[in-house]
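Shared between the two complexes below is chain A, which has chain B as its partner in the first and chain C in the second.
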Partner chain A sequence: MAISLRNLSVDYSLPIGTAHALRDVSLDIQKGEMLGLVGESGSGKSTVAFALMGLLANNARVTSGTATIEGRRFDLTRPNATAPLRGRGMAMIFQDPMLSLNPVFTIGTQLIEVLRRRSPASDRKTRMAQAEDALAKVKLGNPKQRMEQYPHELSGGMRQRVVIAMALLSEPALLIADEPTTALDVTVEAQIMREIIGLRDRIGCAVLLITHSLGLVTEHCDRIAVLYAGERLESGSVRDVQRQPGHPYTRMLFDCEVPIDRERHADAAQNRFTVIAGELPDPRRRPPGCIFNGRCDVSFEDCAKVVPGDYPVAGNAAHAARCLRLVTP
Partner chain B sequence: MTRWQRTAAFIATRFASVMLTIVGATLLLFLMVRLVPGDFASVMLGPRATPDLRAQIVHDMGLDRSLAEQLWLFVSHAATGNFGEDVVSHRPILDLVLEVIPNTLALAFSALALALVVGIPIGVIAALKPGSWLDSGLALLSISFITTPTLVVSVVLFLVFAIGLHWLPVAGAGNPGDIVDRLQHLVLPSVALALGWVGYISRLVRAALLDTLAELHVRTLRAYGVSEYRIVGLFALKLALVPVVSILGIGLGDLIGSSVVVEIIFARPGIGSLIFNSIAQRNYPVVQACVVFIVAFYILANLVVDMINALLDPRIAAGRG
Partner chain C sequence: MTDAIAVHDAQLRFGQTVALEGVSVSVPQGTCFGIVGESGSGKTTLMRAMLGLQRLDAGEIRILGTPLQQGRAALTRRARIVQPIFQDPAASLSPRSRIRTLMNEVGTVLKEPHAATHERLLVILKRLGLPDSVIDKYPHEISGGQARRVAIARALLMKPSILIADEPTAGLDVSVQGDLLNLLQDIRRAQNITLVVISHNLAVVRLIAENAVVMRAGKVVEIGEVGALFGAPREAYTKELLAAWPSVTHAASV
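Up next, the complex of A and B:
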């Protein structure tokens, strides 16, 4: 069953005023599909994840938004709206595996705690067996011994596998992976992504992959959504978006990727990265018109006045972008 | 090395350092006791002191020997458990100390147990809803417990429950052998001694819990639907108890110190009242023996504290804590 998020808006009250972190963000993820949510730091990617989980910081407020998960509708403006789904319908993998496990409890205890919630009726022995099985499935060697170990006895990659095992045990309909490989070694990244994909294929859940790495998205995701300053500027299948970005921002993001065959200067300091000039707009005051107007290389008069809607790209209804150029002949 | 071997090595290292500390503290105390003005002979004999009597007592106590000689005699005898004979009662000093130590230990440990049993839940409840009226109320309560001196608490409890209401016995430690009587005699002194620590422990537990609850592993448990009660009362509490237990080790010194006051007010025989009387008499040998025992107790208690922490937090035993 498809997961859908509609019109999510989140505000943070800060000492300097109210920051609008997300404005009317909508996402759809099909069962068994992986959606890559990309954007630069501060674009609100993680806020989407925590708003869905109901684990936003105390100074955050959801001003609008509904989620449909497993056929049930949740009004996200109500505090703890999705609490019944935590550990049952939704699971999450976090950015920093070094800090996401309790240091004074064994791996086994923490895995079993997930099962206490997922299957309250089963006994300890069954849960132990299930937890060991889950560790084996995420390719953590010697699962029996691992159960008795503490997090500090494991490497970052191994700890991330433990969290993936937790997700596996909770059998979610929606798995949220919030930058799951950012804190890890590049060599471990591919393995961890493989385990996440393995988990999705085993359970058939929908996966929301939050990342700033376009490489990860193009390699592993089915669909992509591009977030900029709290607004979703483009969404579509990875293939369509890669082939023909509908929004200048998406195109510029792809241009920032360093191609592996690019010519290099002998002097490394002479190598230049492509960057997007300018900065994110002030989150407290949305500029009129298009949110990307200040940094866009193809903007015209109307961009400063008219707020663009979601327009289909190349007549494809499944590929949309918020750019006036799409409807300006 | 396995985890158990590491833990054993950790304990062995700690034990060696404990022994060194006891020796060092004994030397220091030996010198400090000599700094108290007045001497035993004049206090004991009063204005009737004749030079002959004084010389006799000074000789009996070994005070006519050189300081280095006295120190050597004290340390070498103490090492074999011989603290000499008390000049006042003509009984071995070791017997005097061993006779009263169980009373003090019973008092200190019942007070500590009481402080933990009451203080930890108060801290946990306060941390469940920080900033709520309940939290503020418990803060006020805890701080008033901390700021009320043991002396005042003792006198009030004594006047209300022993003298006024006749609910509990007035003085002493109870008949030896009669458990119920001894427990009844223990109630008021241990409550008096524990009250300040209830306040301390609840504040410490609350602060440590709130720190722990802000850590990312708590978010993981929340994301997997673990109930807030299990998170606070089990998963965060175990981690939060590590700093609390460390401070308890230091606090045991304060507990023994305050027991002097409590033992005097409730006329309980104990090491506190023994020290108090011996200092009043300038009875150095008894004071020295008592202090050696207190230092040893304090250091052993801290060793136990370190071992409890190594059990609570496996990273401490692994040397990464």
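Up next, the complex of A and C:
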């Protein structure tokens, strides 16, 4: 197992009270595998990434959680627990590439900095060659010229390629990509996903893809974890989860996606979009029973009282969902 | 019947950059028309031109048969016919005024007593699923989804016959975006409004529009009825866009 995250809980203290952003979230990612962590706004998916990277805001507190990365165990409740891994064991791609790039330094300077940190013994000439090579690998044209350019001279897609090149040079065990293509056009999105997969295959790292797009997950990920209001409601292989969602929320989320091949009905009243009625629960007070109970279309009496555990779906130990229906005859 | 919007050979340059080149589209009354394309395709420029917010270098735009004119008086007259719903609802909501003030301004433009505007507003709010209490709030006190509905309510209050929506679901969660799209479809049918939707979401346009245009770098790549456009695209770029779209395949085929 390349990465194993156990029982991550994070609170944010806000003027209106303490919000529980994550409750006992566990994830496993194998080497060379891509896990898609999906969830809507407020699900806590980015908080997972920030907690792993040690980038949580000052008002956040990790109340429980351990991460095992390549055999080393980190207690995430301690400040800067994973600092030794940043830039070496772990790398992150943000939605906005400018969060990773410094506007006042050239692309070359920033790439070389990664190498200097990683292998202090190598000389400048070798590093220059390696940096150029990385830019070529992520299919950025004219790498020699790009090395001399500043981030503002590049387009959004090109900047994201530079960030991927930086990640490539740091050879991480875990690459976290938080909505890496959300700000990009679809044709560029497809190219950037290809580069992320190329990077994974080249260095064999584990990838945590954080996204709201089920389309991206079903096209590119091996496994999926579904987050809702700070809880992991389902996890399994993309194939199993899509075929037989174990949790009603997962099923409803898939139903909300509009397939590109869905044809327009001549009767306009038939062209309806699926909606999940209701709202997220108050993050300060967890309702009793199942967290999704208020919006579920198949809930029954016990759902408002009993907190469900993670139960196997269709007898498959690798596919679990947090729904009482799975253990109710 | 006269087209709701007819754009003929629109030309526009910003310095060296071609914003629109030979763009011609026509939107029949009472239909939904989709404009799709990537960044820099000219889709938002075309929208602004349709609203009279962007002058063309050459070409003509007719709204219900009348050539679009510049100037303040023409803009006010046109506002009663064509209403925009901008991508960022904040563009239609002043941060310093309560929603009520904003809505009253609509009454002023229509030369309607405030009481009458208020009465119509209550009906529209109900239809959009908004509580009456939003009218006493400031824009920062409501959620993003609500702000979008308020922007739609403001547009509808003008009693337009044409609505132009720029990326109406951008930034919304998938569980709530359907709600907004269903709403736009319902309004359009109930009031026989012509709807123009600008979107990068091909799957959504395919479902709600009768006709659509694919744009790239200020030019029309392909235009036609959605069934043909998405089912049997002729142009390589349309095919590329469709292929790149990350879509969930039907569970049955997994």
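Just so it is clear, the second predicted complex is superposed on the first by the 316 of 329 C-alpha atoms of A that agree within 3 Å, B and C clash if a C-alpha of one lies under 4 Å from a C-alpha of the other, contacts with A are read in each partner's own complex, and residues count from 1 in each chain.
Just so we're on the same page, contacts are C-beta pairs under 8 Å (C-beta built on N, C-alpha and C of every residue); 3 or more make two chains touch, one makes a residue touch a chain.
None of the values given here were measured: they were computed from a predicted structure.
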Which of chain B and chain C A:239 touches, first, second, both or neither: second
First, second, both or neither for A:268, with chain B first and chain C second: second
Which superposed partner A:186 touches (first chain B, second chain C, both, neither): second
First (chain B), second (chain C), both or neither touched by A:117: first
Partner chain in contact with A:214 - chain B first, chain C second, else both or neither: second
Dominant toucher of chain A (residue count), chain B or chain C: C
Touched partner set for A:96, first chain B, second chain C, both or neither: first
Contact footprint of chain A on chain C as seen in their complex: 38-39, 173-179, 181-182, 185, 189, 200-204, 206-210, 226-227, 230-231, 240-251, 254
Chain B residues within the chain A interface of the complex: 215-226, 230, 235, 238-239, 242, 312-315, 318, 320
Sites on chain A touched by chain C in the complex: 40-41, 185-190, 193, 212-216, 218-220, 239, 242-243, 252-254, 256-264, 268-269, 271-276
Touch list for chain A against partner chain B, complex: 53, 55, 83, 86-88, 90-92, 94, 96, 99-105, 110, 113-114, 116-117, 150, 152-153, 163, 166, 170
